[in-house]
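Alright, structures below, take your time with them.
The following pair of complexes shares a single chain, chain A, combined with chain B in the former and chain C in the latter.
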Partner chain A sequence: MADLVITPPASSGPARAADWRALWIAPPLLVLAALFFYPLVLIAMQAFTSDAHTFTLDNFATVLHSRQFLSGLYHTISIAVLASSGCLVLGFVFSLVIAFVPFPGARLVGRLIDTFISLPTFLVALAFTFVYGSAGILNQSLMTAFHLTMPPVDFLYSQWGVVLSEVTVYTPFIMRPLLACFSQIETSQIEIASSLGARPLGIVRKIILPAALPALLAGGSLCLLLTVNEFGIVLFIGAKDVITLPMLIYDKAIQEFDYPTACVIAVINIALSLGLYGCYRAVVSLCGGRRAALD
Partner chain B sequence: MANTIIMAPGPAQPASTMEASAARGASGIGFENVTVAYGNQTIVDSLTLTVKPGEIVALIGPSGSGKTTALRAVAGFVQPRAGRIVIGDRDVTHLPPYARNIGMVVQNYALFPHMRVEDNVAFGLRARHAGADAIRERVPECLGLVGMAKYAKRYPRELSGGQQQRVAIARALAIRPQVLLLDEPLSALDAQIRRSMVDEIGRLHRTLPSLTVLYVTHDQTEALTLANHIGIMRDGKLVAFGETQGLYRHPPNRFAAEFLGRANVLPAEQLEATDGGFARVRCADVVVAGRNHHGLAAGSACFVCVRPHDLRIEARSDSANRVAGVVRSVQWLGEQLSIVLEVGDSEIRLSQPPLARAPEPGSALTVYFDAADVTFVPEGDGHG
Partner chain C sequence: MLLWTRWGRLSTWGFAALLFAAVYGLPVAMIALASVSGQWNGILPSHLTFAHYARIVHSESLAQLRVSVLTGALASAAALVSGTWAALALRQIRGARRRVLDIAFFVPSAVPSVSIGLGLLVAFSQRPLLLNGTAAIVFVAHFLLISAFTYGNVTAGLARVAPEYGEVAQSLGARPLYALWRVTLPLVAPYLLAAFSLSFALSMGELGATLMIYPPGWVTLPVGIFALSDRGAIFDAATLTMVLGAGTLLVLLALSRLSNRAALR
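Showing the complex of A and B:
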């Protein structure tokens, strides 16, 4: 009996291989920690540290009660919600047209949308100043045509200018998943719905919209996340009295050298972003699961 | 349930109107010189065809023959370049699909995946603003008609292919359509379920005898089993149309003979008319007697058409036609034996019940067939 017993070696081959694999993971983790987590930890520490270098929540209490912060939070959320809603409506309509109304160049338009996603966001703001700005084409034309002394169109330098720019920039983020979703809808379903007596709007409401809901929710959540953190457009538009949280952080840190306040607002902004990202992931996984179940 | 096919002209009618109009008779379908083209390519070429009320007409033909496009023109999914389409007494040529009052079933079922079975069936009724009571009454009625009443709460993904197709049929019937359009409805099903669904559709039509059905298929068994009339299309043209058995027994041209039932078609010459609607021709160096169903003139060239199952290897009468040849292949198909015989430059296929001793390939064989089973088909391939 004893002859049959085989004693395994103290350290097996696979276990040693696992140890080596752990070593491969260490360098990227170190780089990530040095470049990303450590600066974030510094910001958080600064936010929770008093002048006497002790832990405190006073900084948060001060910031949360300041009108400047509350105004920034209000602008951030209202602009993000308005822009995301605009993106959803515009993206849905555009995608419907591209996907279901055959016209020459539909594929080219689809590719242009992809290109638009790759452009820097502030370019749109720059382009808008050429078109809708005080000295832009629209105002100059109107002033010449109607002999006006002041530019009549001045929405660009308000909250609406920021919203319009963000809608223009982020609508493709809605359209891309929507177009992919629409390509999955069988034409025969739409035809059958039509033969059963449903009119075009009814088909959109009862057949296309339910199928597009996961893509709309995912795209809308992503838009909300991106618009909450949008900095370039707001800075470039330079709208008076439109201060968002990222702008407020910039002002406090760079203009006023008030790092503790900037860090507190940054921590709140991070919490807001992570919360929205959590919602986005939840929507994606929920809708992804539902879609898979439907298919 | 039977004889309740709607005749109302409008697309969106309240349930009360639907019920009232159900008492009226059935509607037919009329193609009047219908041409459908995409760019320079003509898909359906001057199609003229009438589907009488209460009939099942099958359109068959090879891929690209235009049969599905013709059906889609009735549904309103493609717009004819010329001609008129009539449903009942209404010219629907320029009406949108939702205004045509048709029911349609397609190959891939096209059930709405986010709706339960009952909501799928109720879809058309809701689109037509039918009342809640009418929907509550009509949905179980239609599901019961196709044997799916107990699956009302399920989603399409929870059903088999055959069950989904039954729901699709119930959905099409729920709106009491003037006509039912079936576009290869059984093609996605496996052979066994397809056979049972053919029986099911036949039973359904017996239950709803006034339902007019235009049935597009590439499966001639479905067409032969279900249709009162069959139309055969080729390259956008209707090359043959007739009562199902008549078309099978006496195809009007070579293409129809070969496409419907794979008849043996042999070139013949010097037709000589005889009494009683019969004629004689010279074919494969022998004289063949057969029906001159199409009234071909004496002396004209034609084809001899005889079905594989009408050929026998033993004579049933002294007057039977006979053709001698060499066996090229013998194939056992279970319930029948398929034998290919080389006769001069041509081939003849015959199907026989399984034989105790099958002929060997290469051996000489004489086949016999009655004059009543032979049709002389005029020259020409059925093209305009």
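Showing the complex of A and C:
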């Protein structure tokens, strides 16, 4: 009997202490709520209310029917898909060479590419003006060589200029998880396969690619998320007919002061990003692969 | 080793080197060249000059660089404190609550920066908190955009340090705060430094949210670069981009050396 009386407090003591200690999460959570979730709620409220302060879907109906928005959505998705595919291919090729056809200084090259993660994204867009722009080195060389009067290479101020810039900027995000994954593949497995007569391409297809699949999926979905949200590159390329959702939000809010429309587009853009982020988390937890650079 | 023939290896390297030079080498080389070129009408600039760099010192760009460094340092420090606090506090929580909170701290990194800027604009242009038009709103935006990265880095670091170290210290009579300050935090110090340098770099290059909210008196370097490039002064823009990129890399290098030393200790 005495035991029964004594045991409950003894067991609830640590539990209550743990509950009390869990409160330590409150200060950073409050900061996040006030600075992040509160503004998000206001965006959503602004998107869903009419001028008469009642709930309405009219704002959405107007935006969803506008050609500007539909073209923005189309460009956002097609640029993101194209750029992410480009990143996957380029990142796979670079990682493959660095990991499996190593040369002196291969690690250094890998780290050089990795530093691109910390550089501002618009650096590449600006640099491309000097390379592929109408007065850039490529066009000038071609015009001098073939005595042309017009610049022959004219893709920079279109969707493809944005795609190529994004491929350059976001390939490191594929290479990080991929190189980590390649370092765990047994080299003896590859050596045995090739001693048994497997060709290099066959080894890549049958051994390396399956092993790299989780890392490719994680990196690819991260790239999709980042390219959907990319703003600096699109702004710096400044192609008139390439409008993405973030560009559209900026135009509506800052140039036209049309906050309700900007909020509606922001809600759609955030929903798209959160969906992609959910995919990324699901891929990472399903494959148990290494987290890519985002977290 | 995937390729055994000499020819196969050499041709692969040649191909990869060409690809690397085209994708990464050429753009960086061109922007570096543009920053020192005087006149550029032909294939290559006619003469080289440091006039663009000299002009930075006498223009508003220097003030913009100062604003960027200040914003980056303050926002990164705040994000480091809040991220470390959250990661440490979340260690005490288990189960579904932990997973939900974990996602809550990561979610800011999944929201487009322009939308974060729009949200701040909508929320803080009205009562109870009027921040629009002050430098504070820029700090808040940068803090939000980098907080998830800091939190993620610190969490990853904490996961590699067994919680037993702190518990042993406490069982030996150390107060919780003392154990945290003298045992746990020094163990994760390299991760804290890495988190700080990554968030500082991100903040230095941030454009989307800043362009939405910056007040006239608090112009960061990326906004200044955009203004220059928009006006057509692309050589000055290239010069400033070089300064921004090189400066960021230098800070990262210094911090990584510091972090290596902390890891050795």
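We take it that the second predicted complex is superposed on the first by the 264 of 295 C-alpha atoms of A that agree within 3 Å, B and C clash if a C-alpha of one lies under 4 Å from a C-alpha of the other, contacts with A are read in each partner's own complex, and residues count from 1 in each chain.
Quick note on the criterion: a residue touches a chain if its C-beta (ideal position, glycine included) is under 8 Å from a C-beta of that chain, and two chains touch if they have at least 3 such contacts.
Keep in mind that what you see is a predicted model, and the values were worked out from it rather than measured.
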item	value
Which partner reaches more residues of chain A (counting touched residues only), chain B or chain C	C
First (chain B), second (chain C), both or neither touched by A:E191	both
First, second, both or neither for A:V264, with chain B first and chain C second	neither
Touching partner for A:R199 - first (chain B), second (chain C), both, neither	first
Chain B versus chain C as contact partner of A:A211, first or second or both or neither	first
On chain A, the residue positions that both chain B and chain C contact, one per complex	191, 194, 294-295
Of chain A, residues touching chain C in the complex	18, 21-22, 24-25, 27-29, 31-32, 35-36, 38-40, 42-43, 46, 90, 93-94, 96-97, 100-103, 109, 112-113, 115-116, 118-124, 126-131, 135-137, 140-141, 144, 167-168, 171, 187, 190-191, 194, 200, 203-204, 225, 228-229, 231-232, 235-236, 238, 245-246, 249-250, 253-254, 259, 262-263, 266, 269-270, 273-274, 276-277, 281, 291, 294-295
List of chain A residues in touch with chain B within their complex	186, 188-189, 191-199, 202, 206-207, 210-211, 293-295
Residues of chain C defined as touching chain A within the complex	1-4, 8-9, 12-13, 16, 19-20, 23-24, 26-28, 30-31, 33-34, 40, 42-44, 82-83, 85-86, 88-90, 92-93, 97, 101, 103-116, 118-124, 140, 143-144, 147-149, 151-153, 155-156, 197-198, 201-202, 204-208, 211-212, 222, 225-226, 229-230, 234, 237-238, 241, 244-245, 248-249, 252
Touch list for chain B against partner chain A, complex	11-12, 75-77, 96-98, 100-104, 106, 108, 110-114, 123-124, 127-128, 155, 157, 168, 171-172, 175, 181
